[in-house]
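Each of the two complexes below includes chain A, the first together with chain B, the second together with chain C.
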Partner chain A sequence: MFTRRTFDVVVVGAGVVGAACAFYTSRSGLCVAVVDRGPVAGGTTGAGEGNLLVSDKQPGPELDLALLSTRLWRELAEEFPATFEYEAKGGLVVAAQQDGLAALRTFAATQAAAGVQCEDVPHLADVEPHLAPGLAGGVRYPQDAQVQPALAAAHLLRASGARLLLGEEVIGVLRTTDGAVRGVRTPRGDLLAPAVVNAAGTWGGQVAELAGTSLPVLPRRGFVLVTEPLPRVVRHKVYAADYVADVASGSAALQTSAVVEGTAAGPVLIGASRERVGFDRSLSTEVLGKLARQAQELFPVLRGVRVMRTYHGFRPYLPDHHPAIGADGRVPGLWHACGHEGAGVGLAPATGALIADGLAGSGGRLDRRAVDVRAFRPGRFGSGPPQPGRADAGAWPSAPGPTDRPPA
Partner chain B sequence: MFRSRRSPLGLARATPGAPFDITLDGRPVPAFDGQSVAAALWADGVLSWRTTRGSGKPRGAFCAIGSCYDCLATINSRPNQRACLVPARPGDAVTTQKGHGRADLAV
Partner chain C sequence: MPTSPSEEQGPYDLAVVGAGPAGLAAAVTAARLGLHVALVDAASRVGGQFYRQPAAGLHARRPEALHHSWSAFARRAAQLDVHTAAGRIRHLAEHHVWAVTGEAGQWAVHAARGPDGSGETVVVRARKVLLATGAYERQLPFPGWTLPGVVGADGAQALLKGALVLPGRRVVVAGSGPLLLAVAGSLAAAGATVPVVVEASGYGGYARRPGVLAANPGKLAEGAVHAAALVRHGIRVRNRSAVTDVHGTTRVEAVTVTRLDEEWRAVPGTGVRIPCDVLAVGHGLLPQVELATGVGCATRRTPDGAHALVVDARQRTTVPGLWSAGETGGVGGAALAFLEGELAARDIGRSGEGAASLARRRDRLRHFGEAMAAAHAPGPAWPEWLRDDTEVCRCEEVTASRVREAVNDLGARDARTVKLLTRAGMGWCQGRMCGPAVACLAGATASPDRRPLACPVALGALAELSDG
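After this line comes the complex of A and B, so read on.
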């Protein structure tokens, strides 16, 4: 049956970012629908490790966004206790050699100046007894935390009260004669709304295209190894200092740097590889072997531990490694909340709160001075049809008008 | 009893050699060449050789074809071996596995 359903906001994407957008937007009083062609957390969210990191970010707008998000995750964990395995475990970045440690300390000092808590750890064995002996030292980041990302998305969606439409693919973005968005089309009917939020993650470029604009989101593949369940053998999220350089790299070639952490359920997760190979889902034993070897170098105890399974996903990657958050500016009523690369789980609440704030117009609850949203302007990559007479994205247009509630 | 047509060996008309011993928590359990550890334990009337991580419930062989990972056991001090796939060898020491079987690694 072809139906017409009316909302204030339609969020495209039921990953953790879409869930956070729905949660904060509903909370601001708007009537929200979330539509996804698959299940909840069926894309990159479900393939992530659930890291909430400030440690891997250099000072700048994304670090500010991460700091805001860290606070919001803590609030969410207090509001919904014991639902999505929030664990304030802290991060530990280690350096093998003295020169690497010096560089790490310098980097940490710049982060500390930007508001990140950093603690120098001269004796690694005191905080991580299973770490390989002989490492030069490390820096501990108490603000780093972890959630189970699929659970987090599911609970935020449930708590939002938003209408959830799963297995329903957006096949078109409806626009008025003057170009403004007025909803989306799916094979089951139209979802009408004066605002559409593109939270389609790695597939955000396709949604932008449906709306007649563009966003250069590319997939960056990553593998994760899952060990058999263990007691707590790794206390922090532990990674080598090279990881920060890999995250910031624009290279298409394979990069691996071990990121090792325990989980509430028992298995140890081992990441993180990065390679630009399109949406190639085939298993790469080369990558798996490299990750395993690097993890064993950090934690020799893992040599006797079995890897139970692996999984992989596609980080939504934008050319400057910053997400696209805000109004499109080229298509009135179109908002973007995607392209967070490997930081989508961590950055989801701040992204959702910024989107909700923008959709609600002025008087939102966020102190926007905390984050310079201009760095996340969706229009910063150019191309796409210009919209004469409109300010570029990053401007926060007035809120969508109230609409009738959908029929019960 | 193994010659009975009702036993698996009888039904398959198998003629195994003499049994040898493996142990479960130190107690001898007879096994035949080619038999899996789980089959030997079952033939001896043992249905459970692991307890679950969360609630300590008993577990043994369920699918018996290596898919379900329910039959995990600590064999020769190595935890998390699928007893239904590991061939029994003379002298194998099977120990009842508590939870993940890796408590010694905890920090």
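After this line comes the complex of A and C, so read on.
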């Protein structure tokens, strides 16, 4: 049956970013539909660890966005207690050598000036008793936290009251004769709305293309190892100082820097590798080996622990590592909320709030001065054809592997 | 543990994964054709699940007493010894394969060593790989199935064959599929009382395909052997019935057996209470295909809703350089597995002699396997047996009502999303027990198993993998 349904806003993508957009936009009084070709959290959200990190961001617009998001996640956790495993566990960045520690402290000082809480930890054993002895020291970031991303997406969508259309793929973006967006087309019919939000994550470039514009989103693969359930041996999100450099790197080559953390359910999660290999879903034993080695260097106690499973996800990567948030500027009525790379879960609420703010006005709720949104302007990459080769496009993983949490 | 990952001397011409009937037949055939073979298997002795041998320490004098067609196995096991002694086959026992990577001509079979796979991990390099990883038992949840004393039918059989131990004195055998008859017969022969075999389907499905039966006189004879054993021990078979409740506080004391309609819906008012101390239950076998799906092999749906590997007439999978034999290509029994293993090895060793007649026998047995699968396919109404508080995923203790909430309220449409939202399938068994049930409750057809790690591996062992 071909139907015609009318809304104020159609959000494309039922991941955590789409869910946050729907949540805040509905809350602003608009009538919202969320459409996704898969289930809730079927893409990168369902493959993420749920990191809410400020510790890995250097001062600048993305850190400001993360700080705003941190506040919003805390509010959401209070509003929806015990629904998506919010845990303000804090992050701990460690350095093996004295010179690395000096660099880490310098970095932390610049973050502190930008509003990040940082605590120097001279005796690591006091806060993480199972860390390898002999590490030079570290910095604790109390604002780092964690959610279970699929639960977060599902509960935000439910709370939004938005119309949820799952298993329905957007095959076209409808436009008026003067080029403005007027809705989307799916095999089941048209969803009419004067505003369409592209929250399709790693597949955001394809939605942009359907709308006649471009956004150079590329996949950046990450693997996660999941151990057998353990009593709490890891208390924080713990990672080595190299991680920050890896996150910021633009290289296509493999980078690994283990991020180790315990979960409420018991298993220890070990991320995070980064490599640009398109949508290659094959297992890389090289990556598994490196992650395991680094995790074991941080926590020798994990040596005899069994790894139960591994999974991978594809982070939506934009060339300058910043997400695209806001009106497209080239196609009236088209908005983007994608390209968050490994920080989509962390940045989701701030992204959703900014989108809602743009679509409906925040009513004074959001302090717009807190974030300089110009850095996230979707048109900043020019209007040329999308960068990714066709081999990258169209490869939607119809049945992603047995995954539970996403790569950072 | 060594400081660098071990490399089993190689590359081999062929790595065979699994030393059950299919893998064993393939290994000895390939060795006879002059190939250098690695036979990689998790168990300490060859035979797989079907020809599970008593642990050496038990000094069983007549292991064949618990098996039929033992001679077909014993002959190949003897050949294996000869080829092993001559250096043509290297039998890597207690090697748990957790992944196969690479491509035709240069496969890497990664295996964790030790009785439980907790040791170091080694790489077996080979030009060609045959996957003969067999099958595991399908479990469907029902009220009371987590009570101590409820065991897998296949598990009860394995315990008996491998450890010469009976799971209890009075054992109700239930579920669906021909394995139940074999299990009941073995248990009774070993001294247990089996008050009833409860079969959710019937055997009418076979009768409707007389051609398949007529073409498989061996299978008729096998059935007759089982039937005779049941008669000899006075065991009744109740068709179109299921155990819908288990009674007992700390362990099984009795079960309720209820009649089912065509769709496996319990018929109200037909429950009968049957005292027992053990319930052995299983709903057929599911091909173990995750190593194959990990490298991209295509799968097909079998008539009972399982996923088996697509193989051609020469036992080739859809991935070049990778063969499959036995239950991985669809459940069909040991006789079929022997044939397929031999056919695969002949293709790998490029020997066509006599293959046509083997292939004809293979095709007949394959048809029989498919007919069996169709006859015992779970009926669509079985989820109605579940109460809200029935655990569907026993590893993570996820109840039916939580799975239904994820589907009805939170936007799950498949087993993967249910897992993300409830943890169903994240525990020790990695969804092997609950996967089919969860997919069914989500209103989805189960996807082919994908487990990038086919079994757990020690972190320290992964850490010793080299970069390449």
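Throughout what follows, the second predicted complex is superposed on the first by the 379 of 408 C-alpha atoms of A that agree within 3 Å, B and C clash if a C-alpha of one lies under 4 Å from a C-alpha of the other, contacts with A are read in each partner's own complex, and residues count from 1 in each chain.
Simple rule for what comes next: a contact is a pair of C-beta atoms (placed from the backbone, for glycine too) under 8 Å apart; a residue touches a chain by one contact, two chains touch by 3 or more.
For clarity, every value in this text was computed on a predicted model and none was experimentally measured.
Under the clash rule set out above, the superposition-derived model of chain A with chain B and chain C contains a clash between the two partners. Set against each other, chain B and chain C differ in how many residues of chain A they touch, and the higher count belongs to C. Touch criterion met: A:228 reaches chain B and chain C at once. When the two structures are aligned on the shared chain, A:306 is found in touch with chain B and with chain C. In the superposition on chain A, A:283 contacts chain C only, with no contact to chain B.
In the overlay built on chain A, none of the stretches 95-103, 185-193 or 275-283 of chain C clash with chain B except 185-193.
In the superposition on chain A, the residues of chain A contacting both chain B and chain C are 228, 305-306. By the touch criterion given at the top, residues 99, 101, 108, 110, 118, 294-296, 396, 406, 409-414, 416-417, 419-421, 423, 425-426, 428, 430-431, 447-448, 450-453, 456-460, 462-468 of chain C touch chain A in their complex. Contact residues of chain A toward chain B in the complex are 128-130, 228-233, 235, 266, 301, 305-306.
On the side of chain B, the complex with chain A involves touching residues 53, 80, 99-100, 102-103, 105-107. Only residues 14, 38-42, 46, 150-151, 154-155, 157-158, 164, 166-167, 225, 227-228, 265, 267, 282-283, 285-286, 288-293, 295-296, 302-312, 399-404 of chain A touch chain C when the two sit together in their complex.
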